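Labels run A, B, C and D following the written order; every chain starts at residue 1.
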Amino acid sequence: MAASSGTAEPTAPDGAIGREPFAATLGSLLRTREATVIGALVVAVLTASLLVDSFATSRNAGYLLLDVAAIAMIALPMTLVVITAEIDLSVASTLGLTSAVMGHLWTMGLPLETIIPLCLLMGACLGAVNGVLVTVAGLPSLAVTIGTMAAYRGLAYVVLGDRAVTDFPLSWTTVITGRVPGTEIPWIGLVLLVLAAAFGVLLHATPIGRGLYAVGANPEAARFAGMSVRWVKLWMFVLTGTVAALAGIYWTLRYGSARADNAFALELSVVAAVLLGGVSIFGGRGSLPGVIAGVLLFGSISNALRLARVPEEALVAVTGLLLIVSVVAPNLADRVREHRTRRSRTRHATTRTPTKPRTEQHTGGPHA
Amino acid sequence: MTGGTGGTHTPDPAPARNGNGTAKRRTRMARELGLLLAIGTLVVVTWLYNPLFLSQQSVQDILLGATLLTILAVGQGTVIVTRNVDLSVGSVLGLSAFAVASFLTAFPGVPIVVGIAVGITLGAVCGVVNGALVAVARVPALVVTLGTLYVFRGIDFWWASGSRVDAADLPAAFLGIGRQSVLGIPVPALVALAVVLVAGHYLYSYRSGRELYAIGSQPAAARLSGIPVDRRIFGAFVLNGSLAGLAGVLYAARFGSVDATVGTGMELQVVAATVVGGVAIFGGSGTVYGAALGAVLLSTIGSALPVLQINQFWQQAVVGLLILLAIGLDKLLAVRTARRLREGRQHGG
Amino acid sequence: ACGGTTRGDTEEESTSAVADEADPDAEIPADLAFSYVPKQINNPYMTYANSGGETAVEELDGAFEEVGPSEATADSQVSYINTVSQQGADVLVIAANDPEAVCPAITEAQGQGTIVVAYDSDTNCRDLFINQSSTEMIAETQIELMAEQIDGEGEVAILSATPNATNQNAWIEEMEKLAESEEYSGLEIVDTVYGNDDDQDSFEEMQGLMQSHPDLDGVISPTTVGIAAAARYLSESEYQGEVALTGLGLPNQMREYINDGTVEEFALWDPADMAYLAGYAGGALSAGQITGEEGQTFEAGDLGEYEVEADGEVVLGPPTVFNEDNIDDYDF
Amino acid sequence: MAQRPPPEPPTLALVDVAKSFGAVHALRGLSMDLRPGRIHALVGENGAGKSTVVKTIAGVHAPDAGHVEIDGARVELTSPADAQNAGVAVIYQEPTLFPDLSVAENIFMGRQPLARGRRIDYATMRTRTEELFARLGVRIDPDRPASGLSIADQQLIEIAKALSRDARVLVMDEPTAALSGVEVERLFAVTRSLRDNGAAILFISHRFTEIFALSDELTIMRDGAFVAHAPTAELDTDTVVRRMVGREVTTLFPKQEVAPGEVLLEIDGLTRAKAFGDVSFSVRAGEIVALAGLVGAGRSEVVRAVFGVDRYDSGTVRVAGQALPRGRPAAAMRAGLALVPEDRRQQGLVMDLSVERNATLTRRWALSRLGLLTRSAERAATRTWAERLRVKAARLSDAVATLSGGNQQKLVLAKWLATGPRVLLIDEPTRGIDVGTKAEVHRLLSELAADGMAVVMVSSELPEVLGMADRVLVMHEGRMTAELPRAEASEESVMYAATGQHEAVA
């Protein structure tokens, strides 16, 4: 039933849905952006294991996890926000502010057991501020979160100034970087796994997650289906703020240092990983496995290149190239495919058919 | 935006709404006037606090300080007007600054103009890369320019590999561009002013300039009205790239010492200035005058806060709040204008 | 603890690869792997410094490598420290971006048998710190230069690097102490601002200083980026010759301003010597010539013999003062 | 084909033009001529392909087969610019204005009058806009932005834009849909004068009075194909409608007779400023009530307000006696309401999502167990309804965008019927659905009503209204103008009430 011509109608009998042949399902799975990124990850890891000494060690895997943990953590809710066609650039500043507040509260003598919930709550509030400005005031999230990015980072300096609070108890800091007994896997790896699973289930297996796609791809249709687009978006910002705060706690304890400039400019890495993972900046498309693969791809490539003693400058360029290739390649592939279809059609008809590039909507703007 | 209201039960023919038109124009102007007012207030308050703020030297410093951001904001404004964005400007500025500095160091004999041309051309080339990827491959500008942000910076790192060009290596005539004044106004500030005026004039008075607005306002309609959308978007990116290149040249001339980290993180500052200046992030409205004033406002805040002896640690927070305030105000103005137009329709018989 | 974990000292146990007993006659083995981790690659000061490190490593027949992040942050340094310890480097020479944040990684590296020498800016967990010069010497030199230039009397401001830079803060504190002393009672430190080791920021902070302190007589900038930006600002402003400027700067960067009279004198150690010394110190630790105890001595190639001081510090020496007469003798 | 008169070549001609969008054959070998000095009307059902004809002439779509001729010479119109250069001006069905730009700029975009140095001459542009508006009898400030204009004003600007081109070929796709009588008269006057100056004009409208008043000749098309072409004077409305619909209507509407049950939906005094006013009616279980009226009569707005996606100013909505809160679609859904919206692309479906995701979008919570949705549950639920409605899809995981228009519409139906509503609001249920499957939808509606569902059907298709409804409520310009029981509802009575000529309320 492989139809070579683009105009052929699906040949399923009237009213029947074709049972999905396994090969076809597999084929369509393989063509998704996520699959491309996961494939790239597998290739990268295999290549690195073969070519780079001490890459394929459990110790290195531990380091890799520690390094990508903060980005991975924030990328999870960021994926949801981007799927609803918004963006949050203030995450790194939220992280920094959390870290600063954590340090400040610690020097005031509060117990960590109290500080951590307070910080998470603050993160939720910071996210809610973004969310309210976006949904209630109706401001574009890109602009709003550039503003709060500066504001939150500034507040972090207000709270902690130029100080660095470093006297966190070893019992906490070593647990964060510590390994699960008998393995080289850091505890944070387990935390990540749990978080990723939770977000994965939320996005891919719950009614809420289904709604997010609809809200992002077609807010009007979502409204017609009984969803409150504003509430949904607001909650996504709150979630992002909370997780960014969690990342701030992790960051502070991992480096044992609470500073206002912690994780400066991390937001671009997070956004880059999310976009690399196949999430459309215009909302409505993307998956968590793709994003996690994207985070790990960035992480393992830079890890491998570092181990291979490739200088940092190449790392920076590779990051950018990956990002560009990941959006341009599928588009070019589409165009080539279209071109072929068109050619086969012009064999029957004499006039040309117009090309309607897949991303016509994308000329729409920085985000839709 | 196939907008409109439902029924057509208003039997009378559409009434004239002259009053609203001018009102709208006035609110549009108000956007720029408001910025001027904000800058003026800030300057006066700071001056009252410390009269030295308006000394000849200090005014020169402020003008110089606003130069780069202004030029970048003009370019970014042009891109954002088309409903796109260019995040790579910081890297382009850095690359071009390093290029022009190394070029002039490597060939001490060549005329300064050639060096300047090298910087601008390199910026334009970067713009071509961005523009081609966005317009021809039709991929989202945010993703592409986030990618080129890293790529251009990587090239810069690789090229500089830890070296720096110092003022002493550069021809005095080149540094002179950054240091000389005409009638008390520093040359770079004059260049920025010229850029603002030319770009503003172009966007207002030429067909292709107006078409950029049309594209940003409603891309689908722009295609239907026969506007060469891809070519225009490409052009906007090239223009922005060239201006980032020019900014790089001025950076090198003014600061004299250039390494590979020049311009890091500038992109968000530029986008912020543009948005504060009233250029809608979704395109179609705003002027480069506004964007330039936004840049001047942001950099005046930067200059005034130390003079006002506001705790250094508060400065960034204040800047963030001001950005939020500015976009909120813009939205408020837009909503009020829309409401007045609607009411005008009802009463304006 | 029932009240939760609050602030209270938990003493840190350090695992170190350093020998228990010093053997002053031990030979530094050949083929040691040295990894230099600067604050930031692409920082010309660091690049120049590490050229000295490379010389030392060559002299010791070791393997030299320079790796590091493109941004001067502690977290990106940590990844490189991990990489270095995985690759089994014998000696890690590091200029830490944060005294504490790099420690977990460093401790782990030490656990893997890596000797850790800090240079340029200290951390809390190294085996040895190569101090460019002692905090006192640096502070004293700068205050002295400033006092000379403004005849011992006037308002002085400080233009520093980042608010968190450990070494900067130590010097500033010391300078403030000196300014309160009898000897420099005429000096009044009126402000400290931060240019974040960024050319443009420093430049603008300098502008701000001139406006908020119209009676300013001098500026001390104990950072190479800061002093260069400040000098450039002065050289093209009406304050040239009116406001004195001194601090720590690179001769190549400052030559222009010495020649045009913007700056009279400034100081700096030779960063390459610092990294060179760090290399030899690492070698000595590796060989077991020293263990980092106070009073031990070791040979540092062309630089001669050095003694370990309190807290495992080795001091390179007093900074060199550069002025019109000697600046052309240096090229870095 | 024999009708093509020999003398001078037509200004513009379509020759055997075919165009498909995936599985939808929008045009199937259509030919027609536009001649100088003639107004050529094009009629056909919704989805017949008229707009596709327009877009082909405009250079938006390139035909798959056949070609366009101008002055007898074959041309390739690859972009709107090409068509414009060839002297074609188009008024699209949907206004295509730039909301941020001024009215004058909207009219002259890309063709602004120039002064010295190729600079735009704003003063001239303004005066020329005023001249155009004077000609059309419109009073809009040329300097105001286009955003916030009513749909009628937007349409007028589109007309002014097309007129300003002084085109040889003027194409108007339902230019009058949003206009009131006065403006229509002015437009006709201008159009006639353009015709008398030798322009070739294509006119599309669903209003037969206008067609007969204005056009010189008329082409009828159906399902993308040519049906008939004749001088307008030789035709009358009945003939046109018959040829347009083209088949025995009775077979299409398998209406079952049901005894109405209790009142399920009660609307009382529903009003929203500038959209509709004082709308009251009730629907019983088992009843199919049709809302009829012209495009723009406000029927969709009423059902949208009832469902809660739009707000209303006053009035009440009760479902089985319980008042519904305003503006809360979720509450309406809980009360057993479902709305099949008129615009499936914008409102009904999320085109990027798969068939199964769309089908279960309204039932996400109901299908989940312990808060989790499983693919198999989704798939089973989708399959049930997809098979019942005979949705033809290759795979359930395909994006909805790949389905044909009719199948998309069926999917929207499936999505809402799956919620098991007590009251079904259904707006243009068969728009874009091919004739063969229309009957299936009708049969299903009939069955559901027989099972006790209350159905409110908004439809622009008169035969559908007449064939399906137990009662017909006719709206005109936001008000109810007639309530006709099945026996009294006829094409004439409904059209009279719909055009506002007959103010009697039964």
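Note that a contact is a pair of C-beta atoms (placed from the backbone, for glycine too) under 8 Å apart; a residue touches a chain by one contact, two chains touch by 3 or more.
Chain labels with UniProt names: A = Autoinducer 2 import system permease protein LsrD; B = Autoinducer 2 import system permease protein LsrC; D = Rhamnose transport system ATP-binding protein.
Here the structure is a predicted model, which is why all the values come from computation and not from measurement.
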Query raised in the report: Going only through chains that touch each other, what is the minimum step count from chain A to chain C?
Result: 1
**Report entry** Pair sharing more residue contacts (C-beta pairs) when A-D is set against B-D
**Finding:** B-D
**Report entry** Rounded Å distance between chain B and chain C, as computed from the means of their C-alpha atoms
**Finding:** 38
Query - Geometric centre distance via CA averages, chain D-chain B, whole Å - result: 43
Requested in this report: Averaged over CA atoms, how far is the centre of chain C from the centre of chain D? Could you give it in whole Å?
Outcome: 75
Report summary line: Contacts with two or more other chains occur in chain C at residues 41-42, 70-71, 163, 194
**Report entry** For chain A, residues that touch 2 or more chains besides their own
**Finding:** 157, 161-162, 265, 311-313, 315-316
Query raised in the report: Residues of chain D touching 2+ other chains?
Result: 60
Query - Pairs of chains, among all present, that meet the touch criterion - result: A-B, A-C, A-D, B-C, B-D
Query raised in the report: Quick one: in the complex, what on chain B touches chain C?
Result: 50, 52-53, 55-58, 61, 65, 157, 160-164, 166-168, 178-179, 251, 255-257, 259-262, 264, 302-303, 305-307, 309, 312
Report task. Would you pull the chain D residues touching chain A in the complex into a rising list? Result -> 18, 20, 22-23, 60-67, 76, 78, 309, 329-330, 332-333, 339, 341, 346-353, 355, 357, 360-362, 364-365, 367-368, 371-374, 383, 386-387, 389-397, 415
Query - Residue numbers on chain C that touch chain A, as the complex places them - result: 1, 3-10, 12, 41-42, 65, 67-71, 73-75, 78-80, 82-83, 86-87, 98-104, 124, 162-164, 169, 194
Report task. Provide the residue numbers of chain C that touch chain B in the complex, in ascending order. Result -> 40-44, 46-47, 70-71, 163, 193-194, 198-200, 203-205, 207-212, 214, 228-229, 232, 236-239, 252-253, 255-256
Report summary line: Interface with chain D, chain A side, in the complex: residues 7, 9-10, 12, 14-18, 20, 24-25, 28, 201, 205-207, 210-211, 213-214, 217-218, 220-228, 284-285, 345, 348-354
